[in-house]
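A short worksheet on the structure shown next.
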């Protein structure tokens, strides 16, 4: 393709970088097919008209003013590679014009689901403390060390939220012959049935599960919805695994429920990140901690570039993007998950 | 059923107990259908002729002398509930007479497989050390903490031994879209294909796996077969998870491979159990320890009773046992897994 | 809910009827939650302003003039229950305004997939002719009757088009351990990989399959794309099963390929429906005929109502519809599948 | 291997032939590893002592007299490739000596299961008569032709007998989201649960199924157990698919139930094979006929040789056979399935 006829891509992926999200071969493919104009997110409005006017895609999630958008006559799709939707662009205009805004958060589904399963199995079998005891010569052998041990196999499992991550988790659990109930008010029950899980109310999920995985995004409606009352309704000794965002739980109430020994818990996310040195969760028994490490694997970031290329290929042929997740007119402004400022 | 016509069961399950292996309702069913004669394993020969002569089943794995066996005219099946076959009864006579010897080790397959998966995920994500770091305020956040992290999803996995435990593990892995190779010289390749795994040589499994699970029983032929040379042929950084018996590996060589940082490892079994207080594996970095806790869950022991009852029901109707695993004439004398002396 | 505050639904589902698509209990739920205004499709423009202005949903696929749409201030979604998208409404305006147009064709996926599998198995085993022979006493027994018989199990299967129907078919085939290749240019390859099938070019699907299922919708670009050359590239003796629309094949070329004995075929759809009495396909050996019966089961129609209710429930709560399939701005005008005029 | 040290195989596979059951490459492997002594089944006793004494394996199911067996000092395994166990050898002696008798009937499981599914789908959708109607121009289009049509998807399915064939059928049905109940008194309920099906009584299977597959072998206890009373207890309109042997049903009662329109049926097996020209089943409406063609595919026969070779390889290494199915001491004399006299 001659350079002048190649479609133009504006690249402003910060805090990601093109190097982070494209494998070398994928980057090569990107630059073979497209002209890339790299810029800082904050400098988008300063680009000349011929660049803005020619741009077919944006890789990134820069703030876009209404006037800037008006200058972008050829824009077809914005690839948000941070993957949380921010209130920094005129979505209504984008939807009217049929410009897609898509996110690549799917890449985190497998890594976070694996971490979630790992945390659940750790809680079920007490692996961390058993290894510490072993290091120090006070380990208990065989059944003596298994007084609180239990299985996921055949257990009752609750999943709160059934987006990409909930589905990935359900897939990983497919070999466990567990009974899986899902609470997700944004999905019709029949779709949950088709996925092989039981749709259930939040109350049922809380009160009938041995393991509860929280993978719901934060929205304008669900901040702190998992509170003291929710934890009080859980089965004694049940395990609570938090994987999405701390803002969906009342974190103090969660810690209190663990401190009282009512439940055990694990979390990959925290009210502040990084967390203050003296935060009480650091020494809380019955609580397993992971420092927002569940998703941020290099192999996940690299899949972002593959997803972007696949959807660009469809869009180039006049087709809708199918690989990335599209922002929805109805829900885009309800999203409240804070973006990361590091990868 | 009138007492006198009920079949007789000799119970000598030590180190198990009937209470350990039968749920209350199952125990009730057992005693409704059968006369139970409880004895010590060592006292079997001292039982009177009418007891020995009437006994249809033995629950337990007591030593049985040739002469004692000759007095047991009605014997149909010996239920070994320890689950390792010992060289303490005249198997050849048992096979000639068509008396089944069966084991209930299947009950450990799910618990051990879950532990094996947990250990593998722990090695892949460094969960123990990450939690310790978090407790002490030196945790690394996000990608910074993931320099060595990797996924099981999409990885290459090797399983050495494909009995009940190998199959349970394969089932748990079914959601991970991994490539699974199996080495098991006692099984025809087509059966492995049917189970959805690839039959492979030991060399291929060792050299082509990111995760290797060892679930092979110890036999007269395979003691120490995983040695320094085997570890040297593994991929750099691969994870070795030992779940069956320590005797199949050269444990010093395994520790040395971990110490050099060539591989990481986890083990539920050790050359001596309990292990001396000063054993070097206690402080070995890159090695995750579990004190033979993988299988010994109460829920597993309780399944033994259910299995025994199901097979007694078949045998009572003149059918072969299908639930427990039968000792095989060809291999029974090759078994070398040491029995446990605690539950 | 008081009658005056209930949302209004305009019902114009012809050729369907509300009775056809709603089970009695579903119809009851519909009328409990919504005011229903029934009309003829052609009479929509004649409705008074207060009806049009208050209508939140349309059940049906009536022609809608631009001016009529302008009067519908509250419209959120049009439920096309015929399920083929027609060029009879101003889609661009609908997309601009964020009014969803959705179809319920998913209900046909399971029935058509079952019929497709049935036709394939019939071709593989010659069941129709074998039964006819049996009736007339000239059946061949055992292997003598199996000279041309073959298995789906372990075969190579091609699927052309991977929408709801292609996915349903893939699901039904999951127990057959077949190698399944899919050609669908509207989907990114990685989504096909995730569904457990291999993305492939049309050429590869044609030349490497023992069974080919055609489930692609007719678009402005693919009319007649399966032509003499396509049939010539198929494996000798392969089976061609046509399930979507006759317009995607050159039907004469298909018949000719069957007549020559190069391939065998089955079809549920025909160039004209009903087909002229003297059409040569009626007597063509090697061709199995079904009179557009694959999808039109009462149980399928009844699921439409359930889908409509589930999505209305989401839309009522300000959420996007998830159950029915949304028309896409990029592709809506490319659709060419002819609607049915009978159920 | 020098000829003199190669193990000896006596080949007497009639009505099979080595050519039928070995692919060319498999035959080559057989003859490379083993000396083959071919004989007629009836001539076994006439073989010289050095042949009988050296023979490690028999391929075939010849009559074996007690004295002949006594001369066979090296015999390890008899491979019955007809696959029904006959009362023509002293099984008790074989069991005492630890000589395996194994069958290769597994090869028919996939073909028969596919035929069974095909027959069920045909009954559900009326495919044969619809094609005949189409040929003659009286076909009904769309829903008009579907008055009696129904789906396997989501239906209740009963399987009677859960050996290799029942399992293969269950696997083929895995994509249909059906509720599957199984009656098999020779298996413990927990094994059925593990296979993902529900154990059930015969009465429950009969009265609660939309489709019933009969895949039980004939034994001394179950001849004719599916009788008028059984058919009377079935759901109105249910489909009965007979795949194993006609002797397990009262065939006249089955025909009568179909004639009355209570149920529909399909069968691959008949009371006499071949069936008299004037047998009433030939013209019975609602009955679909297949002339014992379900299993006898060349591809199935060829798998027999592969199975034999795999188990010989295990036996050569002193291991038990795992691929073929072993005769069981308890049940071998109960088997009553008539052997075939043609392939």
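By letter and in written order, the chains are A, B, C and D; residue numbering begins at 1 in each of them.
Following the convention adopted for this analysis, a contact is a pair of C-beta atoms (placed from the backbone, for glycine too) under 8 Å apart; a residue touches a chain by one contact, two chains touch by 3 or more.
All figures in this text were calculated on a predicted structure; none of them were measured in a lab.
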Subunit A to subunit C, fewest steps along touching chains: 1
Taking each chain's C-alpha mean as its centre, the one farthest from subunit D: A
Centre distance in Å when subunit A and subunit B are each reduced to the mean of their C-alpha atoms: 38
Chain centre separation in whole Å, for subunit D relative to subunit B (CA means): 34
Separation of mean Cα positions, subunit D and subunit A [Å, integer]: 51
Junction residues of subunit D, two or more chains touched: none
Chains that touch, pairwise: A-B, A-C, B-D, C-D
Residues on subunit A engaged by subunit B in the complex (per definition of touch): 110-111, 114-115, 117-119, 121-122, 124-125, 127-128, 130-132, 134-137, 139-146, 149-154, 171-176, 273-274, 277, 282-283, 288-293, 296-299, 301, 340, 342-343
In the complex, subunit A residues that touch subunit C: 95-96, 98, 185-191, 306-307, 310-311, 313-314, 317-320, 322-323, 328-331
